[in-house]
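Per-chain residue numbering starts at 1, and chain names A, B, C, D and E are given in the order in which the chains are listed.
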């Protein structure tokens, strides 16, 4: 079977289940694919339908970010298109992983990976001190202030790490700073790297009334791992959170 | 029945200015001058006739037909206007003049036909603008532009021509030339002309009939000799002038006299 | 007397047709597989089944037809609107039509209609949005049967503001994926898979051209201003309304099928005016053809310039168009000709 | 040394039209008329003097100082222009007239001072536009607008006033009124005036000196009696006129005669 | 004679100042915690350490100051540009400055500069982009020391097209996360934490107001057109250049710190013109104040309307402004006053 992936997270999963020889095309943001010199068929926005056709794939993995007209166009050429919705929980990530495994003929391996990671997650949960449910503000963007909302896999980072998302009452990611101050989180997780992370941290530390400031629990996590997760990196992030939250 | 009948017309700008009680009847082929002080409503009267302003009351009929019943094109074929303001869009003289043929084109007529071109050519020759045909209007002198605007109106070949101060920017040669041309068309083709003009000498010299307006009403109308009297002018314009017939034509001629001289004369006495 | 002008027009027209043909051929031959010009006809006639045939007939040809239609329609709408308003900054999007269409599409995306109804809902929603805008601009600017041309322009700008604010609202309150889809859609693109839509676009665009030719006298007369046009026997009130509707329909159609492809409707008309002059008889068709050819050409570049990646077509139209226009403006300096 | 000295000036539009070989010297307080056919370069000459067009050659000095050396404001305090085209921006008459005081404001002067207001008021009274002070220019009749433009120029209190066809849209009363006013300022304050005018009678009546232009050159200059001769007019305008002194003032008067009458006269003979 | 006008101006001015004060107080009191007006002063003076104090002094006050500066500067730039060009569709963003700034920021985001240099790089890059645009527009439209005002406008529009195309290029070739950041940055927001930046914005904005008052005579005279202004002793060439630079700096500053907040620079000037008339002496300060108050008010709504979610401020400015402007346009019908 020949597979074309139109999303970095899908490519990432394919590599994880060692099905890379079946992958014939990917986007120029699929780090592994680009390194392997796979044919590039798409950028973040545009898909080169002609190139997809020439690669003669059996299945094209798209996401909800792929333009509908492009999906239609590929279907019109008689190629099977499978579009993943953005995962809303850890379980869905695992389901999608297994589904890709099916198409890539690697179902057993995929299932095995999922099983072992779930076990690892269970053992991590044991590390959470009993009775403690810290309120967490999970910041994924600074200008405007952007946070993880319920029904996303990001929310699962918090719950699996034994915390409570302060943003359970909001529907979309934009949140006011005032609201964060009022909800007074016990910890703030900033998904960014480098100086921006340090600056954001400094901004929050200015607010001395915050218990996160008092506790010294303001820290950053790697955006690459936390924004495009697979069953393994998801658990990596949860592990990082647990160690930083409760140490 | 006269050619143009205006009965009890009034029109104007909301609450601001009104011309009213206008009764005019003009026979075909006459050359009527409209005179009067600034702001007396001459242009407003024209706007009423040309349909730019809605009538508040009254009725205008042209050739026995109510002007309201004319279609837009029909109206433009019967009535051409040369307005007071000089426009200068970016368009060549030739294209501009040819636009005068638009009222004769059907919606589907794409190109000017032979006739259009001939007519345009004819009037461009008559008004001597042929040599500037490829210039843009913005590159013309004030007088040239006015001449071209008149040419366009003539190319419309209307029955009734409304000229709003057509000679205001023209030199005397062109003044005479354009007025002679209008007079000639008036004589030969029976073109009916209404002309607003401030130069009372030209008004007296060229027009068969004059309408003197004042404060939105018609003050006097009739033969030039009858309208252009010392007393009428003094009353309406509030100015002392000296009148005497033109030594050649016998038409009334008006002399404006500067204050300096008036003063020196009155001192002498 | 001025028949020489018609000859000149004929020559220009021939040139523009050649330009369109060149753009089409270029677009047919270039892509992931380069197909020599000499083989194209052969492949299209008897190559059925080959991959080249599929590429030509299923991928490139539909894009070309859509490109010609959209480019032509946008330029045409631009010419018409600049004619009505005599303002060189007016373009099809100024009247808020693109904003309305984009809002419609954004709404459809956010409400997830494309999952339940299918992706045809996007152009449909776009068209409904465009229509709603046109109707509101129209209703708001007609008073006592008279249309206030300048008011209309400002109302259009306002509606466009309101629509884009509302869209921002949707974008700010929806999921990441929907946000992306809206952004991509707004960027514009010619990859539309639905053949019927392409057919409709082509038909509307050609009809728009034909119908607008019924108004050439109006448009020409309007160069002198509304009052003078009336003196030439033009019913300006009705004509302007109809022209507005034509331009709106064309724009609405374009935005619905291809998103907001900037630049074309603003610049092609001005560019063509510099070349052929301001007479609408030649201006309309020239803009239509050049606009179509220009978009097809730009789309080909967008597909091939950094192949295998594709660029949004707006990147190419903006950069090429903008730079060449500045170049022309500075070198010809015929400022006055821009209306 | 005269007040305004123009030496060997030439200026014009690129490759299109040029006025050249212009030598004019005008003494302070004189009233000079510029006449000539349409397109003969009268407005172009004014543009050269006012600095709107760059000089191709030659030199202009005002009050013994080269005009080039004037700052913008200084120039506007010494020289006011009333152009030929009538503008109508959305501005009230009062604000418009007050703008004439701008050349006297320093960069930091924020409000009009008493003097500004008084001067504006004075000239508005003199030109009788006081009663339309709150109207917008676009709501005025052609003549009213022209009057207001002249008022603004007077409010600039210049030494030299350039008037380009100031009376073209005025009725005879206002024509006389404005020319009397200019004459009065000219007499009393020594204001120097150059005026382009097509009406040869008014030119002859009011001006101390006339400059007759033709095809971009000065054809004749001097006293009205000397310039306005039958032969000069016939040569430059190509038109037959009848001249005779104004019975009251003794200044030359020109009668235009319609073709119809000329024809009938020649027939009679 | 016309001193009565100055009294009227004084009254208008008082009104606008009251409007600003009202907006500021409203903004101070509303939010996640509503603080009664009566308590604000008390908290600010002696409430140090309380959460209310933090909210007022660390969150609301900086936003208000930024809002006043940005709103004032944008409106001022709009008034100035509409004065120079005498075209009611010109706004600060027309000249491509926003496009240039956005491109600069997009570049900084895509290149990841904020990770290595810190987030000050975004406004810095925005300002550099704005500056580059201004310089190119300026260089391209000055010929032989003379500035072609209308050409400048078109060149600005073109540069803006080119910049937004280039930005689209960046967006098309970067990652989803960067794209997200760019989109939200463009939407504009007053949420700036860097106090120095806020201070700079306030200073530039007030200086802009003061300096522009040196040009009131020029602006007033330009209402008659460039030629007539020259006849009134205005050195139009130099003045227009300087005014252009002032307006550009103001716009560049606003876009760099607050993103592209639409509508304000276009409509506040026109709105104020309808109210106070076209004399720039009162127009400049009135627009400045009203623009500032308007933005502060809108920002408060953006913070509170769907709290705890925050809306982009552009949503509110666009919707409120657009609707009220249409309302005014239709009811007053003073079309002619829009220049």
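In the analysis below, a contact is a pair of C-beta atoms (placed from the backbone, for glycine too) under 8 Å apart; a residue touches a chain by one contact, two chains touch by 3 or more.
As the structure is a computational prediction, the values presented were derived from the model and not from experiment.
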{"item": "Result of counting contacting C-beta pairs for B-C and A-C, higher pair", "value": "A-C"}
{"item": "Most widely separated chain from chain C, with each centre as the mean of CA atoms", "value": "D"}
{"item": "Distance between the centres, which are taken as Cα means, of chain D and chain C, whole angstrom", "value": "51"}
{"item": "Distance from the mean Cα position of chain B to that of chain A, given in whole angstrom", "value": "81"}
{"item": "Centroid distance [mean C-alpha coordinates] between chain E and chain C, Å", "value": "31"}
{"item": "Rounded Å distance between chain A and chain E, as computed from the means of their C-alpha atoms", "value": "38"}
{"item": "Per-residue overlap in chain E, given as positions that touch at least 2 other chains", "value": "171-173, 176, 179-180, 309, 311-312"}
{"item": "Numbers and ranges of chain D residues touching at least 2 other chains", "value": "none"}
{"item": "Sites on chain A at which at least two other chains make contact", "value": "28, 43, 45-46, 65, 171-172, 174"}
{"item": "Chains grouped in pairs wherever the two touch, ordered by label", "value": "A-C, A-E, B-C, B-D, C-E, D-E"}
{"item": "Chain B partner contacts - residues on chain D that touch it in the complex", "value": "13, 16, 35-40, 43, 84-86, 139-144, 147, 165, 168-177, 179-180, 183-184, 187, 198-202, 205-206, 233, 237-239, 241-242, 244, 246-249, 251, 253-262, 265"}
{"item": "Residue numbers on chain E that touch chain C, as the complex places them", "value": "87-90, 94, 140, 143, 148, 150-151, 153-155, 157-159, 161-162, 164-166, 168-169, 171-173, 176, 179-180, 183, 187, 262-263, 266-267, 270, 306, 309, 311-312, 314-319, 321-323, 325-326, 329-330, 333, 335, 338"}
{"item": "Interface residues, chain E side, partner chain D - complex", "value": "1-3, 6, 213-214, 216-217, 220-221, 223-225, 227-228, 230-235, 278-279, 281, 336-337, 339"}
{"item": "Contact set on chain E toward chain A in their complex", "value": "31-33, 49-51, 54-55, 58-60, 112, 114-119, 122, 171-177, 179-181, 184-185, 189, 191-193, 303, 307-312"}
{"item": "Residues of chain A touching chain E in the complex", "value": "28-29, 43-46, 65, 141-146, 167, 169-172, 174-179, 181-182, 192-196, 199, 203, 206-209, 223, 227"}
